[in-house]
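Both of the next two complexes hold chain A, though its partner changes from chain B to chain C.
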Partner chain A sequence: MRQKIVIALALVAGLILAWNLHTMFLQVPDEKNQGAIFRIFYFHFPSAITSFVGFYIGMFCGVGYLVKKDLRLDSIAASINEVSLAFATIALVTGSIWGRIIWGIWWAWDPRITSYFVCWLMYVGYLMLRRAIDDPTTRARLGAVLSIFAAVDIMIVWKSIEWWRTQHPGPVLEIRGGGGMAPGMEAPLWWNFLALLLLFTALVLIRMRQESMKCEIDSLRRYAHAF
Partner chain B sequence: MRTLSKGNDMDQNFLYMFYGFLAAWLIIVIYVISLALRESRLRQEIDRVKRMVEEREPEAKR
Partner chain C sequence: MNFLRQSLAVAAKDLRSEIRSKETVNASLSFALVILLLFSFAFDPSSEQVREIAGGLLWLVFAFAGTLILNRSFARELVNDCLDALIASPATGAQLFFGKCIANYVLMVAVECVCLPIFAVFYNVRLPQKIAVLFLVMLLGSWGITVIGTLFSAMTVNLRLRELMLPTLIYPMLIPALMGAIHLSGMLIAGEPLGPDDQIWFKLLVAFDLIFTMLALALVETVLVG
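This part shows the complex of A and B:
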């Protein structure tokens, strides 16, 4: 059943992305000042938001583990955080490529970019920490605590463009108090966000199945060593 | 923020947009491949441990 859900989610995501590519290239005109490069925003922004959503769900699962001591919640948190990290990598890399054309540099130690990079490093650390600890309960407890700290940084990343007006553009969308995008330019952004969310869900489901396979291996090993 | 007007700039602009899209897709593809490889390793490990259990069970019963 899970396999069918994963395939269905990935198919719908793929269809939306393919249809959206057509819209982005053939229906949406170049932006007046930035030219064609502005289309990177259609991947950059949805990837960043998907990673934020994922990191927060991961944090809540971590808190849930600390309260209930249920290792399944830790498995869900680990799966979600790993997939979110992949989406955060997309946001950082696409942002850097955009910066190369618009700012003339690949990277700026701007508060938004730096805080997001720190967040990325924290989740890389989270995954390394999990690999380094064998005891499942210690691994789950420390992972949950680290994800709570990292979630504080996500709030800083989110608010940084309002607190410090430096290199990174300020809020663009009207829902965040920005000037908004021209009519017809904003719809593909939300469609891409939906597609990436579906893809994210499919990848999390695959990753969760792997976590349950690991649990099965651990219990089989314990059973084998009991003889 | 720079504004782009010259033809050369516009070509580079389009090229970097392509790089951006390529990078996004590459990251997803590499991650999916790594997931598939990990899953096949886990399946092999499950089979190996199951065989180990099957071999040990009769010995323990004796």
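This part shows the complex of A and C:
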């Protein structure tokens, strides 16, 4: 059943993405000031937001593990954090490409970009920590604590744009107090958001299955070693 | 009061052990001197530019040298299963952690107090007139490093590659505190007045220290005992 859900999610995500690519490249005109490169925003923004939300859901699953001591919650947390890290990488890379075209540099040490990179490094540390621990319960416990610390740091990331002066573009969308996008330009963004969210869910489900299989293999190996 | 008394007992034990062996402080100070020497090859130590980047250099030295102290904090308890004995003692995880924090903090601030004048001599940097404010920045920044470093030292104590894991985990976590401390120290050493805009960095340092102290105290029992 889960296999069918994963295939269905991936198929719907693929169809929306294909249709959206057609809309973005053939129907939406170039932006007045930025030209064609503005289209990268359609991937940059949803990836960044999805990774942020993912890191928080991962943290809540970690807290859930600490409360309930259920290893399934830990595998959900680990899967979500890992896929969120991949999405954060997409956001960083697409942001960097955009910066090269608009600002003329691949990387600007602007506070928000720096903080986002810091956040990315913390979750790389999270994965490294998990790899270094063999015992599943210790791994789950320390992983949960680290993700709580990292999630608190993300709040500083989120607020940093207000705390520090920045060259990062201000909010674009009206819901964040920006000027909004031209009619017809905003719809593909939300469709892309939906597609990436579906892809995110499919990847998390695949990763969760791998994680539970790993746990099963580990317990079988321990059982075999006991005799 | 009992919380503080137990914590101080742990801190006194750690400090007494360090005063007798001096292994961590000596290693940390030597490492700080090596970094100060290496900086002299990275740029011209007599240039005016040094005053502008002094804050950053100083905090890099503090952070690198501090990691050695933090790394040993729980690792020294592994011999003869002392860590298990400490966890089984009447002191709670939070008291044990807070005591370790106090001991690490004292050692770190002591190393920093030695490094600061040496840095000023090596790089021909005049220490600011407002040395008390610089000292306050050092105290606030070091507490942030100590709290996070001590908790992560407890987390990584039983791991293979713990010497590698600790810096990899704590440096990204410490960046907001380091940013604040570097900015304020740089301004003070360059002799520039601290304006209302700079107050936000003080607030950031205080908030960082408070948030992570509370979080660490709340979670340390989970880290140590499970």
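Keep in mind that, in the parts below, the second predicted complex is superposed on the first by the 224 of 227 C-alpha atoms of A that agree within 3 Å, B and C clash if a C-alpha of one lies under 4 Å from a C-alpha of the other, contacts with A are read in each partner's own complex, and residues count from 1 in each chain.
By our rule, a contact is a pair of C-beta atoms (placed from the backbone, for glycine too) under 8 Å apart; a residue touches a chain by one contact, two chains touch by 3 or more.
Here the structure is a predicted model, which means the values were calculated and not measured.
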Problem set entry | Superposition on chain A - do chain B and chain C clash or fit | fit
For this session: Figure out whether A:A18 sits in contact with chain B (first) or chain C (second), or with both, or with neither.
Result: neither
For this session: Determine, under the contact definition given at the top, whether A:R207 touches first (chain B), second (chain C), both, or neither.
Result: first
For this session: In the three-chain superposition, say which chain, chain B or chain C, touches more residues of chain A.
Result: B
Problem set entry | Touched partner set for A:M122, first chain B, second chain C, both or neither | second
For this session: Return first, second, both or neither, reflecting whether A:Y223 touches chain B, chain C, both chains, or no partner chain.
Result: first
For this session: Aligned on chain A, what is the least Cα gap between chain B and chain C? Give it in whole Å.
Result: 23
Seminar exercise, completed: The answer for chain B against chain A in the complex is residues 1-4, 9-10, 12-14, 16-17, 19-21, 23-24, 27-28, 31-32, 35, 38-39, 42-43, 45-46, 49-50, 52-53, 56-57, 59-60
Seminar exercise, completed: Interface with chain B, chain A side, in the complex: residues 33-37, 39-40, 43-44, 47, 83, 86, 89-90, 93-94, 97-98, 100-104, 169, 199, 203, 206-207, 209-210, 213-214, 216-217, 220-221, 223-224, 227
Seminar exercise, completed: Given the complex, residues on chain A that touch chain C span 66, 114-115, 118-119, 121-122, 125, 128-129, 132-133, 137-138, 141-142, 144-146, 148-150, 152-153, 156, 163-164
Problem set entry | Contacting residues of chain C [partner chain A, same complex] | 148, 155-156, 158-161, 165, 168-169, 172-173, 175-176, 200, 204, 208, 211-212, 215, 219, 222-223, 226
